[in-house]
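These are the structures in question, set out in turn.
Same chain, two partners: subunit A is paired with subunit B first, then with subunit C.
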Partner chain A sequence: MATTTTAKSAASLPAPVPPLAPRRHPSVRRRLSRGGLYALAIAITVFMFLPIYLIVIAAFSPKAAVFAFPKSVIPRQFSTETLSFFLNSTGVIGSIQNSIIVGIATLLLSLVIGIPAGVALARFAFKGRDAFQIIILSTRSVPVVILSIPLAVTFIQWGLYDSLTAVVLAHTALALPTTILVTSSVFVSVPRDLEEAALTLGCSPLGAFRRIALPLSLPGLTAAAIFTFVLSWNEVFAATILTVRHRTLPAQVLSSLNDSPLYYRFVGGFVLVFPSLIFIFFMRRYLLNLWGRVVR
Partner chain B sequence: MSGQVTANDRGVLRRTARGGMWGRIPVAYLLLAPALAFLALFFAWPAVQALILSVRSGDGAFTGAFFQRMVQDTYFWPAVKFTLLLTVFIVPAQIFLALMMSLLLTADLKGTSVFLYFWAIPLAISDLAAGIVWLAVFTDRGYLNSLLVGLGLSETGFPFLSYQHPVSLFFAVVVAETWRATSLVLVILVAGVQVIPKDYGEAAEVFGATFWQRLRHVTLPLLRPSLQVALILRTILAFQVFAVVIALAGRNLPVLAEETYNWANALSNRNVAAAYAVLILVFSLANTGIYLRALRVRDETVGR
Partner chain C sequence: MAGIDIQQLEKTYPGGTRPAVNSVSLSVADNEFMVLLGPSGCGKTTLLRMIAGLEYPERGSILIGGTDVTDLPPRKRGIAMVFQSYAVFPHMTVYDNIAFGLKMQKVEKGAVKTREERAAELLQHGPYLQRYSAQVSGGQRQRVAVARAIVMDPPVLLMDEPLSNLDALLRLDFRSELKKLVQELKTTTIYVTHDQVEALSLGDRIAVMRDGNIVQCGTPTEVYDTPTTEFVGSFIGNPPMNFLRGQLHRENGALHVRIGEHDLPAPLALAEHLTGENVLVGIRAENIAPEAHAVADALPARAEVVEPAGSHLLITALVGEQRVKVTARTDFPVAPDTPLWLVPDSRKFRWFDPETRQEITLK
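Entry: the complex of A and B
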């Protein structure tokens, strides 16, 4: 096709060919198969959500209902009896507090260390950039299990064993590679022109970063922070290996799993799941960016 | 000076503002230093230390005793067997399901964002919580047995999680783990599908390609990098399957990570625990190598 068409000669050209219309298939067959797709999508949705609905019912039923059989999927009786039993069990409230403290400390530490590295990857061309990226990506092929045992030995030597600090350091090590990749992708997406405009108007590089890039990247960074918190809130292996008395919630539930009644476990499961539902709700815009694009 | 800044002016400004006499290099290294130091101390060094722990005894002499003890343990071979079996069942199930889900999400259905929300929920659910959630379903007086009795398919229900029924126990773990971690594969694949230009599929459709032909010759080849990432990640995570198994099966279904945990905590022998951890690492690295060879991505398919 001619690319040199000017405004003058365009007037003399014949009317443009209409774009190809999408092919229409016989509508009955088409509609049937669309219906099948919806049925499949709804079936998957039920598979994904029904177990969560069931654990919520189990958590808000009275103790006796746990042993009732056969069970009804429609809640008969709403009760916070088992929930308050769980929360009043030894160590549970403390472990929830520990989980929150560890989660917040982990997200702060990994942002403080991760943001500069993310900025470096996003904004600077330097020797060894590719090597650094490969190092970050290769951490994914190292199983988490292998870190916990030696870290326990190290933390015993340092006097940090069975402390929240130990768990925070381990969780930060797990979260940091992802934090770096997420922050770098966030800063890549912030237009550089605005920062350059600020520089031409007399801002210092740091000032331009603080006034332009940081506010623009705040939503992405918040998402990264929530991601880190969820990782820490859910992590059970390292937390169990590194602590004895200062348990996080998953470690507390895991260690009392074998000698606790069923209703205790169900409520424990619910309390672990509950924040996840909220996180996913607030994060739904960032789901693909965080877990999808960045994990590659 | 006029209001317009010429290209040349901008170049000069950028150089003085960003570069200075130091150039760009030192700044980048300074920014990277904390992360590198932290990862070296709390990631790389522990990995090396695990190797050392597994082959060196308290007096500093190198020994194969810990690996020997690991292999001779009653639970060792069952743990290897069940870990590999679980991986063989869980990973393909997840890839298949996630592929189907990502195709559904790109099929222009109404309510796609609602579907995506529900399908993504397990992303933020821990393996321990997932195990407990499915315990409520599979336990003797659980919801699945309630359903079976309600439908008249069974008198009193079936003990799915009993050690006497290892097959149903095994598949309960497969279902729970598939449920939990398919979302992770899904977001990787959806992100990959989004990068594929829509024109390719439309062009194939114009030339009369059926859905299956488009899937086979357009979507899947272009999705290969994402599939590769998903396969590698999921297999590594499957080798570490842990809390789901503990919640549903306890030691009736021994797996490697669970043995690592038992040797470290209950038996207080960190050397044998480290030997188990090294074994998991070897499995993971071997698996990554095999996948990278088998699914080698040609340059033109990377396209980013």
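Entry: the complex of A and C
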């Protein structure tokens, strides 16, 4: 009787560690670990979301409210004054357009190269396959800082300097290793049997890929696309070095934001963060799908 | 409808030390149900996949309906295949799965619908047609896989262990259903399995494979009653065939085989085929009658394990040092470590060379 009471009171506490861990009450233990899991998930969410929340609040507050202390959690006043000033300042709208163009072009180019490479790694046993995989990864071990200067020189020689093409090429090179490894793991998770079944049912190899493997790996490919887009959207260094007038948003505003008053920085932060958040929000369903697959 | 003719087919996988399929020849008649039976790694699936066109042989040829298809892709061979994993497309409904092959063949819509409905009726999944494959049970998924193949009306139907992922009860149900279905379809079928019960119950003929070779090919009765090697005898049948070491000796002009310390009659002709005196006697459990008391021509034995199997008892007994499995009626008085006497039916003896493990055929 006494043990039951202890277990019950333990269950009602949010404490994640069951002090007794009694074997006779597996349901109690499960409930506790479930509670612990939720607590952890909430803690992580708060940790990730609090800064974003504060940035959003600050971006939509009047200038004076940004300096106010102590801060109220719920915003009292609403203003888009700073935001519209920021967006109307020279080059910002243009650089947002550049960022979107570069992001989408990078995404497409890296998928066009990455999908066949991923299929090859996933489906075919060829000589040097493992070495190829390691070489792909090792390209990431060279820092962008070191790559940028020779890249800039090369692009000047090719007449590509200060063009969006240059940024797209650099970003594609940065994204490709991950794209290839992600897509290959996605295609590995599509059972070979399914494509073979399609072959016996009248498909050509290409038809089987298009009708079976591609639709089934779409969630994973979407995840790779998100990753690539966000990487390109956030990338500053290569974009700054390779362009002068045709800059992407981070390259355009990041240096000037450093010297701006606090309220501009919040607005800048908001504009930098928000589009990727929207992008991820719409794609998150597919992301979860991918992880479900990989875990299984 | 088409017969299949396989000639000296050979395949070694890259990195493999020995051929997965080693110069195999096999003829399957039109409308015949051929079972490829063997333990895992014997090459049966590889052989099937070569017939399907999913693997290509290094040597040899495959003829389907008289046409050489050795180098043709699967879609041009007139085959349909049922996979062990079902391979039902998860992103399509049951209906779309079954109609997939017909759509690929550009069969017009009305005909797709009628053929689909016929297949759906045969396999009783009318109510599930609009569901996705993840929403139907494993048994239903297997039915979808079969329907998807038979709806094509293929001259040749290939099945790769289609029942091995089902639980025991479903497997039994589906086995008889499958047999009925294939009989109605009148299509040439090649069926791969490692389950000898499935092979015996389904096949018109069984090709028993081992290490990339076909060891014996014959009707279920042939491979069960007259195995040509010790391997076939011990692989087919539950319990497997008993093999007892014995020594031949002549007495008063008659030949006897001594097992343990007891003599049993042996045919005179046997002596011509053996160099030494040693011989292996093969005998099925059902041809050995267990007795609780000593009788004439019986081998004295000691019960080691007694396993009730519902309808009968399975007794593992020791004759001297050699293990023998026999079956007995459930009321047979036996307990572990008690003596019993075994009366083998000497007319059912099969004789094997202890060196080559091959059957000794007597004229």
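Quick notes on this structure:
Heads up, the rule we're going with is that the second predicted complex is superposed on the first by the 221 of 296 C-alpha atoms of A that agree within 3 Å, B and C clash if a C-alpha of one lies under 4 Å from a C-alpha of the other, contacts with A are read in each partner's own complex, and residues count from 1 in each chain.
By our rule, a contact is a pair of C-beta atoms (placed from the backbone, for glycine too) under 8 Å apart; a residue touches a chain by one contact, two chains touch by 3 or more.
Bear in mind that the values here come from a model prediction, so they are computed numbers and not experimental data.
Among subunit B and subunit C, the chain that touches a larger number of residues in subunit A is B. Contacts of A:Gly159 after superposition on the shared chain: neither subunit B nor subunit C is touched. In the superposition on chain A, A:Thr200 makes contact with both subunit B and subunit C. In the superposition on chain A, A:Ile212 contacts subunit C only, with no contact to subunit B. With both structures placed on the common chain, the touch criterion links A:Pro191 to subunit C but leaves subunit B unconnected. Of the two partner chains, neither subunit B nor subunit C is touched by A:Pro261.
Residue contacts after overlaying the shared chain place A:Ala125 against subunit B and subunit C alike.
After overlaying the two complexes on the shared chain, residue contacts for A:Gly36 are found with neither subunit B nor subunit C.
The interface of subunit A with subunit B overlaps its interface with subunit C at residues 125, 196, 199-200, 205.
Listing the residues of subunit A that touch subunit C in their complex gives 125, 191, 193-194, 196-205, 207, 212, 215-216.
On the side of subunit C, the complex with subunit A involves touching residues 14, 52-54, 73-75, 79-81, 83-85, 87, 89-91, 100-101, 104-105, 148-149, 152, 158. The touching residues of subunit B, counted against subunit A in their complex, run 5, 10, 13-14, 17-18, 24-25, 27-32, 34-36, 38-39, 42-43, 45-47, 49-50, 53, 97, 100-101, 104, 107, 109, 113, 115-129, 131-137, 139, 141-143, 145-147, 149-150, 157, 179, 183-184, 187-188, 190-192, 194, 205-206, 225-226, 229, 232-233, 236, 239-240, 242-243, 246-247, 250, 256-257, 260-261, 264-265, 270, 273-274, 276-278, 280-281, 284-285, 288.
On the side of subunit A, the complex with subunit B involves touching residues 20, 23, 34, 37-38, 40-41, 44-45, 47-49, 51-52, 54-55, 58, 66-73, 112-114, 116-117, 119-120, 124-127, 129, 132, 135, 139-154, 169-170, 172-173, 176-177, 180, 196, 199-200, 205, 230, 233-237, 240-241, 250, 253-254, 257-258, 262, 265-266, 268-269, 272-273, 275-277, 279-281, 283-284, 287-289, 291-293, 295-296.
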